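Below is the structure I would like to discuss, written out as structure tokens.
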Amino acid sequence: MSSLLSSLVAGLLLINLVALGTSRIGTVVRAVALQGVVLGILAVAAHGEVSNRVVALAVASILLKGWLIPVILFRALRQVAIKREVEPSLGLLPSLLLGALATVLAVAASSRLPLAETRLAPLLVPASFATVAAGFILITTRRKAISQVLGFLLLENGIFIFGLLLVEAMPFLVEVGVLLDLFVGIFVLSIIIHHINREFASQDTRRLSLLKE
Amino acid sequence: MAPLPVLLPLAMAVVVFFTPSKRWRPRLLAATAVAHFALTVSALASPALAGSGEWLRLDAPGRLLLAVISLLFLCCAIYSVGYLRYRVERANRRFCACLLVVLGTTSLVAFSQHLGLLWVGMEATTLATAPLIYFNRTPRSIEATWKYLVISSVGIALALFGSFFMAYAALHGGGAASLLFPDLLSGAANLSRPWLRAGFTLLLVGYGTKMGLVPMHTWKPDAYGEAPGVVGAILAGAVTSCAFLALARLSQITAAAGEGDYANRLLVMIGLASMGVAGALLLGQRDLKRMLAYSSVEQMGILALATGLGGGATFATLLHLVNNALGKGALFLAVGNVHRAFGGKTTGEVRGALRRLPVSGTLFLLSFFAVTGSPPFGLFVSEMLILKSIFAAERWLVGGLFLVFLFVVFAGMGATSLAALQGRPPASARASNYRDGFATAAPAILLLGLVLLFGLHLPDVVRALIGDAAAALEVGR
Amino acid sequence: METLAHVAALLLFSPLLLGVIQRTKAIAAGRRGASVWQPYFDLGKLTRKEVALSQTTTWIFVVAPAIVVATAVLAGLLVPLGSFATPISFAGDFVFFTYLFALGRFFTAAAALDTGSPFEGMGAAREVGFAWLTEPAVFFAFLALCRLSGSLRLSQMLRATEGGLWLEHTAPLLLTAAGLFIVLLTECSRIPVDDPNTHLELTMIHEVMVLDHSGPLLALVEYGAALKLFILEAMLLHVMAPTAEVGGWPGFALFLFGLSGIAVGIGIVESVMARLRLLHVPTLLIAAILSCGFAFLLLNR
Amino acid sequence: MTELLGASGQLAALYLLVGAASLLAASGVPGLLLDRRSLWGERLATLLTVIAGVAGLVGAFALLAATGSATLELPSPFPEQRTVLGGDALSGWFAVPVFLVGALGSIYSGAYWSARRHPRNGRRLRLCYGLLLASLIFILLARDGASFLMAWEVMALTNFFLVTIEENDLAVRRAGWVYLLYSHVTILGLFAFFVLQHRLSGELGFQRIPLQATSTAGAVLFLLALMAFGIKAGVMPLHSWLPSAHASAPSHVSAVMSGVVIKMGIYGLVRTTGLFGDLPLAWGVTVLALGAVGAFFGVVFALGQHDLKRLLAYHSIENIGIILLGLGLAMVGRSLGRPDWVLLGMAGCLLHVWNHALFKSLLFFGAGSVVHSTGSRDLEQLGGLARRMPATAMFFLIGAIAICGLPPFNGFVSELLVYLGLARAAVAPGAAWAALAAPVLAATGALAVACFVKVVGVVFLGTPRSAAATAAHESPLPMLVPMAVLATGCALLGVAPGLVAPALERAAAVWAGAPLAGQSLAELAPLGWVSAGALALVALAGVLLAVVLPVCRRGRVRQPALPTWDCGFAASSPRLQYTASSFAELITSRFAWALRPHERLPGIDRVFPASASFDSHVEDTVLDRILAPRVERARQVAARIRAYQQGDLQKYVLYIVGAIVALLLFNFRLGGLVTELYGR
């Protein structure tokens, strides 16, 4: 059981690195989608007794992150007609290394934090930290608006991982609300991306600096 | 089941969204605002209506927040009736609907007793305000919306992370991992300290982003600068207040858990930083609306600072919250009118506003003095009380910096405002059809009048409202 | 009776001092010179002459000389002569004394500007431009005398030297006297500050201010100047010598004689010294301030 | 001191003052409802102001006739605070000029700023004018910090609107802005002052501060008060806002500002220094030194001006210096336990407050009358006005003599009191250093004479220097009557100062906190002799004139009158007259190091130089040479911070990450985590 968990977590971390390491935006979208699916599985696997609530949540998140959001993003991608992230402000390899470093630091940090129980937490806490870090790296190094959305998704996933630790703390309503907000957020963002593309004839966020002191 | 003040606006939002008539949407908006205000008043009057759910209940601070939100919205709704009359060229379907959604979600924040639920409300507010900022459909407004969305989404995500930390802290403490404020407060003693600290830090950053505390304030000038004045009023008056209340509750919990010093140190640092940076960015500011944004950053800094004083200044803080919401509202509406009348918002384009718009110009001038804390306006009273408790805590350096920053802010805002208000309108300023009307002037007058009233004499109702809220936030400190 | 003598001396004796100075200068220059009574003849002649008023002048031009004389006479009643009681004396009368002369100066200068002549304006500028240095000197002197006499009344301040005090405080008194002497030379526009009988308007101070006055008005101006000289000399004499030691009428006579002596001294100074460059006058006056100031400080050891 | 008025009468007086103040506040309101051009608005405003003025004067004098103080309480916006209004001799003393000058100014404005000629801003002016006067009264009556600050700010803001009434002029806007900045420093200083004072005394207001002033907190309090009130009063070197503000405002407003508004700073200083149980010697010395510096350099700067109203403004700074000399002397006297110095100093200070209100308003009214008829404030453009506007010239001359402190007018009396105090210090053992202020004051007086000879001479005497001055005409009666009243006041106080002695003693007693045992002004100061001297002077001059004038009338005057003797210099012209600058040059050249005049000298480059022009004007050194560069540097620092708001979203997100990291590291550095870890 724990082997399954650990392999799933390892998968998550691997996906982070893939997302950081590739320049093809399509690949990143797929990676993030895959991560969503894995998260769903993890949600079920993490909990010994399988309640309908957990299942419902898992299914919801798999549907949302593994299917709906990728669909939206691919649509956006088609509209803006771009394939790859050219000239990120930080090169692919450096950002990859940075991601690896972040993972190491995450493990170190979580090892120093007092953990409630020893089954899940030692795995999930570093994983969530690492994913959040990856999300930040993606947002701050990629120039294309859509890549930044993807970074935000990674960030959300990281937080979701941590959320797995306290399913019983989170009322169902809130979980659903979180997912709903996430969905609407991505939806609105994709709309804005569309408008950006129309107004600025580009996806490059460097163009978006009319407003400054 | 969720209480009426939350449900009504959301339902009406749907109605408005599917209302075909362009002329009727604003009226429906206003009507809803009036109804909401009535509901709020009755909820304040009778605790029975205040909701009794475990997650959705109107405690004293919530009551105060709801009152502020409702009042501000009432004025903004009436204002937008007049405002949209001048913007017939724009589709107002999304605008009206989203305004109502924001009303609903902010009310949800006021009601929610659960950290997660509160987060949902805040996030929903964020998303609902995006289309409002995007109202003008210009490249600049798109950019503003984009930055607003990304930055506040990141921030709000961090807030969620922080909330999880809080829950984990409770879990680790051995208690049931509940995120209900009462439970957190009662069980504060055995929260796990490191998780609590980390959680508070993340929540400070997260909700600080919504408040616009330095260095998470970067979205503010862009959003306020490009959004219509009425949206700015709501962002600066209502949304920031929601975020602040969340922070206030959390610092209360942290203090109850015995980490008060830590939290206060962070709050004071960030508060002073916000005041200072805002002041620096206000010096030589040429854009009226960005000026308002930075002034709002400064006010949030004052609130954070006052919260960081560790309970001594809670009454003053909440009074300042109210005054700031109302005063900022008045200022935003007045500046919005000036913007309309000159078709520009930089001191290059706007000059002699006093002459072209006697009413709005005067309102602008007076609310500038009000917001910078000049007597006899309400913000003066609250700032004086805050300074009092700073000195009472013998934080001489903090007090000194507080005063210096207040002066810098005054200098910055004054130079810009007077440049826009005095002198002759420039020949280049194109004539506009805008004239001061009842719908566009009265709300600002009402808000400013209230700020003045609170400065001269604080009515017992308001005093009781604020006093109860303060007492509730003092528990366990 | 004493008051009468005081007033009489003040009003009648003062022109004589001018005569004495002139005579001394003449003798020092190897001439016989005019009689010491000449100033009286001049005044008489002027009163009989007609008045020429410029088109530009206003009533101020006419009023000024009267006020000059009035202030001078009033000031004269504050300064004791010999050991006689002063007609008017009250605490702080030294302030009144100084400000009376200031009032006179105000009107003289105003009258000069009234004519609208560049030269008279120049003279007025110089007059007020030096006065702001003489007044501090005078006040330092007064402070020293207050300190010495422990009184705020001019009559007692100036007699502070009686009862051997003079020998005790020689140094400060001499310093004060030196300062006052410079003040006197400036105020009465004598060499080395000003040359009363030059003929080049550009170099004058007092004379150029009254160029446009004529007849009785000029007489009043000259008479006022004479009174001023008399009063300042009286002050100086009190500081220089223990005048109160010899009482009664002999003392009074002796005092008047002393005044004439000072006049002679002035005459000698005028004949041996050359006029200073205008720009150096302030330096001289600052020296006067310093010496009076030192006197005051010495008394505070 | 004799009790002339019972407590009940005092309370009645207090109510009277409050009523009058409310009337003043309302005076501008009816005009708002009327047409902007209608004369009724301004007539009504003037009527109300005059009624309020008379009523207020009655009330104020009633307060002056009583010892002790009356108070009344109202609710306050502050939790567990009350709004307290109170009236005592000190308030009464400062209230008298407010009502007098206020009412006269309102009459004056009827002709000077008539609704006909200024329809656009006339109503705003009258409204703010009334509010300003009302706020002044409430400042004097306020006994708790909150209402004091409120009234103070209302004063500051209305005053700002009055200064910027002609906002089209860039210079006026700049003046208003500088004024606003300074007054905000003041309000923040007072803000801190009252809060700190609340911290020390537990009372937010003018209660005696229990702790001994020698503590640090006490010193901080004093410095705050000195800064805040010093700015308002125009104490050098905090005066920079004053000259341009007074020059920019309409003349009757300048009269009120200079005559009474800046006195609120003095009032504040007197009140606050009166709060302390004991006064360290150093404080008195500080005030004394500030006074000496302000008086001397105030008049030096005045000599450098050739804008009539700026010049008068700098003389306000000088007179504030003289007032401070009195206050400082009183403070020193209290530290050294010398009630006679206290009484003389305080009496000099307070009496000069009245005197300055009288002659400075008179002078500003006169200046306004000159501006009204010639349209110029530039001395070099004027001249020969005495023939064209004789009444104005007469009154201005009286004001000039009075402000120079010359007998027989009021300025002399207050200066005499200060001199007497200083001389007593000189006589006293061990405090002679205080007397060093006397020579400074003497030099100041002489310089003032120089300055006003220049003004009177260049403006009213000689021949006109411009067409405008040639075409000048006498001002209408509503402008002359106020001047006449004030001139009479100057003469009255100069001839009969004894009238106000009891009131002075009461006010001084309020400051000292207890009646000054065994001290009476009549014994300390020869007020009777002053009257006698003044009368004697007038009589003597009268007699002489009686002799001279007939001479100058009857046939003895050479006819026809000829031009001035030009010393043989042909083709003399008005341009040849000594100008204001050249008149003052002999003195100002000695102070070039302080004045820093901006000069444009023509270079003489060839044998027959072409016509050239020389001009020099004196800025405010503190503002332009000291403050402006600092402000510029602050701007640059701010600009550096701006650079971080450069519009790059990714950087913005990085800031957030940075914030988290920084705060978490802060968290670690606190070590709380570590102890948590290893503590368990």
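Order of writing sets the chain letters: A, B, C and D. Residues in each chain are counted from 1.
One rule holds for everything that comes next: a contact is a pair of C-beta atoms (placed from the backbone, for glycine too) under 8 Å apart; a residue touches a chain by one contact, two chains touch by 3 or more.
Note that this is a predicted model, so its numbers are computed, not measured.
K.L.:
Give the chains in contact with both chain B and chain D, ordered by label.
P.N.:
A
K.L.:
Based on Cα centres, what is the most central chain?
P.N.:
D
K.L.:
Applying the document's contact definition, name the chain pair with more C-beta pairs in contact, A-B or A-D.
P.N.:
Pair with the higher count of C-beta contacts: A-B.
K.L.:
Just how far, in Å, is the C-alpha centre of chain B from the one of chain A?
P.N.:
31
K.L.:
Using mean CA coordinates as chain centres, what's the gap between chain A and chain C in Å?
P.N.:
So the centre of chain A lies 100 Å away from the centre of chain C.
K.L.:
Between chain B and chain C, tell me the centre distance in angstrom, where each centre is the average of that chain's C-alpha atoms.
P.N.:
78
K.L.:
Report the inter-centroid distance (CA atoms only) between chain A and chain D in whole Å.
P.N.:
It comes to 69 Å between the two C-alpha centres.
K.L.:
Mind pulling the chain D residues that touch 2 or more other chains?
P.N.:
Residues 642, 645, 649, 653, 673, 676-677 of chain D touch two or more partner chains.
K.L.:
Spell out, as numbers or ranges, the residues of chain A touching 2 or more other chains.
P.N.:
Residues 114, 139, 148, 205, 208-211, 213 of chain A touch two or more partner chains.
K.L.:
According to the definition already given, which pairs of chains are in contact?
P.N.:
Result of the pairwise touch check is A-B, A-D, B-D, C-D.
K.L.:
Inside the complex, what are the residues of chain A that reach chain D?
P.N.:
89, 112, 114, 136, 139-141, 143, 148, 205-206, 208-213
K.L.:
Enumerate the contact residues on chain B facing chain D in the complex.
P.N.:
Contact set of chain B toward chain D: 146-147, 150-151, 154-155, 158, 192-194, 197-198, 201-202, 204-205, 208-209, 215-216, 218-219, 221, 259, 262, 265-266, 277, 279-281, 283-284, 315, 354, 369, 372, 374-376, 378, 380-381, 383-385, 387-388, 391-392, 399, 403, 406-407, 410-411, 414-415, 418, 422-424, 454-458, 463.
K.L.:
Using the touch rule from the top, collect the residues of chain B that touch chain A in their complex.
P.N.:
For chain B paired with chain A, touching residues are 55, 114, 116-117, 119-120, 123-124, 127, 130-131, 134, 139-140, 142-147, 149-150, 153-154, 157, 160-161, 164-165, 167-168, 170-172, 176-179, 192, 194-195, 198, 221-222, 225-226, 281, 290.
K.L.:
Touching chain B in the complex: which residues of chain A?
P.N.:
113-116, 132, 139, 145, 148, 152, 155-156, 158-159, 162-163, 165-166, 168-171, 173-174, 177-178, 181, 184-185, 188-189, 192, 195-196, 199-200, 205, 208-211, 213
K.L.:
Provide the residue numbers of chain C that touch chain D in the complex, in ascending order.
P.N.:
50-58, 60, 62-63, 65-67, 69-71, 73-74, 88, 90-93, 95-96, 98-100, 102-103, 105-106, 109-110, 112-122, 124-126, 128-129, 131-140, 142-143, 146-147, 150-152, 201, 211-212, 215-217, 220, 282, 289, 293, 296, 300
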